[in-house]
Every structure is written in structure tokens, then in C-alpha cells.
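Here come two complexes built around subunit A, the first alongside subunit B, the second alongside subunit C.
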Partner chain A sequence: MSTAPALRLYPRRQLRQWFIVAAAIVCTVTGARQLASQPIRPRGLQDLQFGNVLPGFPTAVSRLDAVNAGKFGIRGVNNAEVQVDLTLPASLVSGGSNLTVQFGPADGGYALRDRINESLPFDPTVPLVTNLSNRGRLFIWLGGTVVPTPVQAPGAYSGTIVLTAAYTGN
Partner chain B sequence: MRLLQKYLCLPRSLFLATAILAVSPLVTKAVLVSPHALFIDHHTRTAQFTLANSSEQAEEVEIALRFGFPETDSLGNPYVKLIEDPGAEFPSAADWIRAFPRRVRLDPGQRQVVRFLATPPEDLEDREYWSRVIVTSRRSEPLRATADTAVRIGLTFEMRTILALMYRKGRVHTGVELHDLRAAATDDTLEVWLALKREGNAAFLGSARFTLLDGSGNTVRHWQTALAVYYSLNRRLRLPLDQVQAGRYRLHVELSTAREDIPATRVLPTPTIDRTLEIDVG
Partner chain C sequence: MKQAFIPATAAFAVALALPLLPTGAEAQASITARAVVEPVLTVNAGNDLDFGSVLPGFMKTIAVSDATAGTFDLSGAAAAEVNITFTALPANLTFGANNLPITYTGVHNTVNDPIAGATSFTPSAGDTTPLHGTTGELYVFLGGTVDATASPPAGTYTGTVTLTGAYTGN
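Moving on, here comes the complex of A and B:
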């Protein structure tokens, strides 16, 4: 007698609703845990592009150049402090020929949102220590200058930029 | 009517469920390494992590172990100090832990478990040993470079993620001494200096919580940051003070090993350190 009214309070359709809501809450809690232990995820979003250059004429790409500046994205724990280190080549290579590439103290830019015009300058030759946004994001742009000599040999010159990212709290 | 109610109620709950799921974390396109810190126990001597390529291109991934730990420079900025050939004075595990596989090619969407196997020396003392795991990923396809009469330039990227690895043997314990605590408000920033020294035989993996209280004891601002002390650390933290009115405040500082990003079974409990400072803003 005492259990019958209780059963009437929870008909099948309400139980189904509660099940769906409970399942969603479980998924969200699991997601929140994943968020708290999120690994740091750097990725290259756009290569630094100088295109074709003329021998004897240095060519600079600004960090504010949305089309040609190199672009990286980092994701991780919301607001976490990270260290970002760029290893930059001093020269580019094509067969046996070298081409000088330079990175100045204002060639790096970083922002918490994907807005190149909001980016703050930093020296890309010095490690950057900053916090991710409250959505766990950081964007980095990189400019630079190539200095071909007047007798620079034609060819496809290539080099690699290494971005190293780590949480500072581990 | 009951039938109508039945089918009207279901979409409402589904909508609610969808709204809740929408705030779950999203996976971005990158090589993902999970978890971000590894703990190996002397009994099992193994650990593993998972690599996942969520990009649209194949990636070459390389795993290396190197001894290192976080330190601070003279300005109080943290950095990971990597030591190529650590002497016997450093508790390095980098030489006797191996990753399998050490190189892997990941096609788009592919996952790979990487296992770590420890073969420590026989006479290993009880304590915690450290290494950093360096995961390097690069595009599998090389840059297309066709030589012609022009000077063409292409720069590509390599991504490196550094993770902490802790190997624990026997009874391990940690703690931290707070030697110096200073704080001063400048413009819209509260600059805090913490001089810390680790105790025990394991790294202090903890957090610092800062609470700014007004004259009535109400919380005005709250900040939290993860802290890792392997030897000593002289950290400078810059906490934003935007929209905090001028006046006298108290800054409450709490140091503990409470961390949400480390499994509870791996947290080494320590007594919490509490300090309070008077701060003038404006």
C-alpha cells in the first residue's frame, strides 16, 4: 500500500526523461574531468611563407600579416600557465646553398583569441611564459626576414621551426 | 492527452541533454598525447599513454626521454631545464626507461598506445626519479620543393610536447618550505614572489591559491596556479587586478598538493601552508 503511490509518481516516461538527463550529466562530469587533465596540444595552423624572393633583396613578413605569417594554436587546461619555446633556423638550405633568415625581437605575436590584430609582441628567440585563455586557448604568430645575397643560387630553400610547449606546473 | 504529453516531454528532455553535452570539451585537430603526466610504480614498472592524430594529414611522431625539471630564471619566470648528461647527483630515470614504439606514423584518425618499460638499477634507493617525455610530431609528407630559376622559400613546423614522468620506489613523501613571500600592487597587476624549497624525496606537485579579501573579509578576487617544485623555485606571479578599487586588502595564500589534473591516487598529501599579507591597491 505504501509503495503504490510512489510508483505512480514516476511513470515510465518520467523515468525515461530522468535517465536522459542523468546520462547527459554523467557525460558532462566526465568531460569536465577530461578538461581538468587535458594534455597540452600545440599545432601548426599556417606555415610562414616568403614565396619567391629576388637575389639581393631582403624580404620581410610581418607577424601581423594574416596571409603569410606563421601561425600556431595551443589548447590545454583553461587558464593554465604554459611555456612556449620556438627553435628557429639561422639559415635555410637548398642542396649545398644556404640562405640567411632572421627573427627580430618583435617578430612573435600572441593572443588568447584568434585575432591577429589583438596579438601582443614577443621575442620569438626567448621562451614565452603565459596563461591559456579561460577556454584553454593560445594563438601565436611568427614573422621574419630572409636575406638572399645578390648571388643567391636559385632553388627551393627549406627549414624547420620547432615549437615546444609544456605546462609549467608539472 | 497522456500520449501527447509523452511525446512532448521527450524532446524537451532531449533538448536539455543536448544543451548540457554542448559544453563538453571538443577535440581539436592535432596529435594528442594523453595523459599529460606519467607515474610509474616500482612494482609494475610500466605505464602507457595514447597518441591520437585528429588532423587530416599523416604525422610522424617520435618519443624521447630526457632528464629535466622546472626551474625559474632571475626574473622569476619558469622554464623546463633539460640536462643532457645528468650526473649521479640527479635522480634521473631517463636512461633506464624505454618507450615502445619510439617512432610511429599516424594516419589521420589513427590512435597508438605507447608503453613505457622501466629497467632500473638493482641498488635503486627509495625515492622518486624523474624524466621528461618529449613527443615530437611532424607532417609525414615532406615539403614539396621544385627547383627552378627562382629563389623559393618554405618553412615547415614541428610540434613538441613535453610531459613529466615520475618513477616512484618505496616510501615517497614531499613537502615545501615557503622561505619568502612578497606581494605588491602595480597599476592593474598584483605581483607576488614566492621562494620555495622542496622537502622529502619526491617532487612537490601542487597548487597555489590566492584570495584577495577586502576590509570586511569579502572575497574580491581569487586566482589559482599549478606549482611544481623539484629543488627550489623563486617564482614571480602576475595576477590581474582589473576593476579592483583602490584600498587596503588582505592577500591569503594557500599552498597544497591539491590538484585536479593529477589522479587522486598519485597525489602525495602534505599539510597546507597558509599565509596572509596586507596589500595596498591604487
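Moving on, here comes the complex of A and C:
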């Protein structure tokens, strides 16, 4: 079957509109399939480690501390805009004891490459909206401060930090 | 007819594309924040500094290595640096209104030995030193000399010596 007879049924202007609309459908569906085929994938890469701390002495870990700062990696669609939310504990726990942990406005860092020294600061208590790299990647680092009291009970304290990532649609 | 055709096609495109957009989808990852809180520094009194009987007109010395030297032991985080300060170190022992002048000598050691490996310090000045690298212990030995050359009245002369220890944070 040839399509030529059908083409002759439509005026030239209408055919052009057909083509534009068809192209829009193809582009939209193609883009949607790219997003759908690459769900956003965050991963925890390194724990935030304060090490040994003395009662009465606050201890900070910088977001630029490559050994001790917490680290996440995110993969997704190239250049896609994402929102990153961190759920941060107010305290670390050991048995029935709590150890206060604080996160300041510059304790978060993010970069498009796995280069901690290239990271830009952000407030980890506030959602971060940014774009993935042109390779679909984003790295997040996290520092913080633990504040043991002078009579803090000794022990190994821990707490969970959750990163939630989502495409914004932009 | 032409005007009706375009909105219908566009609606079709949107209907086709929307279910595939994953903008509402989010993903999570987590890491753990960890800290080990070291023990609170404790200071325990051991032996009293006991000069025994002192003859009027004479001085009497108790060496830091003598059995009746005063002793304290501190316990805390392994290898942590501490300040040791005598917050009460009387210049006189007293018996009622009578005074018996006293001076002090001191050593500290990370093992319970006032000689081998011990470090001398001036008790009135205190000192800064690390606790034992493994046990977190520090032993303090206090000797002294009482001066009875002025032939004070006979009696039992006493005074209270208080040692205070604190982490430096190092």
C-alpha cells in the first residue's frame, strides 16, 4: 500500500500541522521514555564518622573531610533537575543515651563530579534543587558536629541519615 | 474540522506522555553517622600523705616513692591529654590554731610506679600530660616536707589536698 493517495487528501497546510503535532508526540514520548527508563538512583557511599570524642568537647567533621564526611552519589537522567532532601537526626543514640548532633548551613556540599574540593556548600536542613551533570551524576557530602555533655555516657553512638532524591520535572 | 483536529491530537499526545513522566517518583538512600564517646575522666584518691610522728625542732620528708606518700589515680580515654591541678594544697597543716608548714614534691606516671618512667612536676603548678595510651590511666604521687623546727605544740596536724583532673580536648 502506498501512502501517496492519502497525502493527496489533505491540503498542504493541514499536512504541515500534522507533521508538527506528530513531531511533538514523538519528542514528548521519547523524552518521557528516557526519564522513565532511568529512575533516579541515590546511593550511600560513606558514613559520617566523628570518631572518638571526649565528654564536654564538641567535635566537628568538615564537609571537605574526604575521610570522615558522609557521602552520597546520585545517578539519573543527564542534566535533569532534581530535588534532594536530607532527613537528619537531632541526636545519635547509644542504648538509652542521646548524643546531640548539629548540622550547620554550610555542612552540606554538592558537586557534579566526585571531587570533594569542587563541592559547593548548601544547607543540609533545606531541600537542595540542582541539576545532574551531563553524565547524569551528582555527589553530596555532609559534615556536622556532635556535642557531648561533660557527663556524656560513654559508648558507640549512631544515627541514620536518609537522602531522598526526586526529579522535579524540569 | 481543521481546528478541531489539532487540539484532539495535542490532547492525545499529552495523554500518552503524562503517565510516563516519573517526576513524582523519588528514591532514597541512607548512611550512618557514628561517634564513640570516651569515658568521663575520673579522679580517685588513694593513700593519704602521712608524715607520721615528727619531732619538734626537726624537718621530716616523705619521698614520692615512700609507702606513705600521697597517691591519686586518674582514669579516662586512652592517650587523652589531661590537666592535673591541685585545687587545694595547703601551705600549712593545722592543729587548732597552730600551723605546721609543709612543702610538696610530685611525680606522675601512666603506670603505678613513682620511679621508673615517672615525670616530676611542681604540685603547686600542676601539669599537662597524656593518659596511658592503652589503659587510660595516670597515677600521681605526692611527697613533701613538714617543718617543725619552730617546735610547734604537740598534736595531730592535718590538711586537705585536692587534685582536679580535666581533659584538654587533645
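Please note the rule applied: the second predicted complex is superposed on the first by the 133 of 170 C-alpha atoms of A that agree within 3 Å, B and C clash if a C-alpha of one lies under 4 Å from a C-alpha of the other, contacts with A are read in each partner's own complex, and residues count from 1 in each chain.
Everything that follows uses one rule, which is that contacts are C-beta pairs under 8 Å (C-beta built on N, C-alpha and C of every residue); 3 or more make two chains touch, one makes a residue touch a chain.
These numbers were taken from a predicted model, which means no experiment stands behind them.
Student: Is A:W141 touching anything from subunit B or subunit C once the two structures are fitted on A? First, second, both or neither.
Tutor: A:W141 sits against neither subunit B nor subunit C.
Student: Touch check for A:F122: first (subunit B), second (subunit C), both, or neither?
Tutor: A:F122: touches no partner chain.
Student: In the overlaid three-chain picture, which partner chain does A:Y110 touch, first (subunit B) or second (subunit C), both, or neither?
Tutor: neither
Student: Just to be sure I read the superposition right, which of the two partners does A:G56 touch: subunit B = first, subunit C = second, or both, or neither?
Tutor: second
Student: For A:T160, is the partner it touches subunit B (first), subunit C (second), both, or none of the two (neither)?
Tutor: both
Student: Check whether A:P150 is in contact with subunit B, with subunit C, with both or with neither, and answer first, second, both or neither.
Tutor: The answer is second: A:P150 touches subunit C but not subunit B.
Student: In the superposed view, which residues of subunit A touch subunit B and also subunit C?
Tutor: Common to the two interfaces on subunit A: residues 14, 17, 21, 24-25, 28, 31, 35-36, 39-44, 47-55, 70, 72, 89, 92, 94, 99, 101, 146, 148, 152-169.
Student: Going by the contact rule set out above, which residues of subunit C touch subunit A in the complex?
Tutor: Interface residues on the subunit C side: 2, 5-6, 9-10, 12-14, 16-17, 20-41, 77, 80, 167, 169.
Student: In the complex formed with subunit C, which residues of subunit A make contact?
Tutor: Answer in residue numbers: 14, 17-18, 21, 24-25, 28-29, 31-33, 35-36, 39-57, 59, 70-72, 89, 92, 94, 99, 101, 142, 144, 146, 148, 150-169.
Student: Of all residues in subunit B, which touch subunit A in the complex?
Tutor: Touching subunit A: residues 5-6, 9-10, 12-14, 16-18, 20-21, 23-25, 28-37, 55, 70, 77-80, 134, 136, 138, 143, 145-164, 205, 207, 225-228, 260-262 of subunit B.
Student: Please output the residues of subunit A touching subunit B within their complex, sorted ascending.
Tutor: Checking each residue of subunit A against subunit B gives 13-14, 16-17, 20-21, 23-25, 27-28, 30-31, 34-44, 47-55, 70, 72-73, 75-77, 80-81, 83, 85, 89, 92, 94-95, 99, 101, 127, 129, 146, 148, 152-170.
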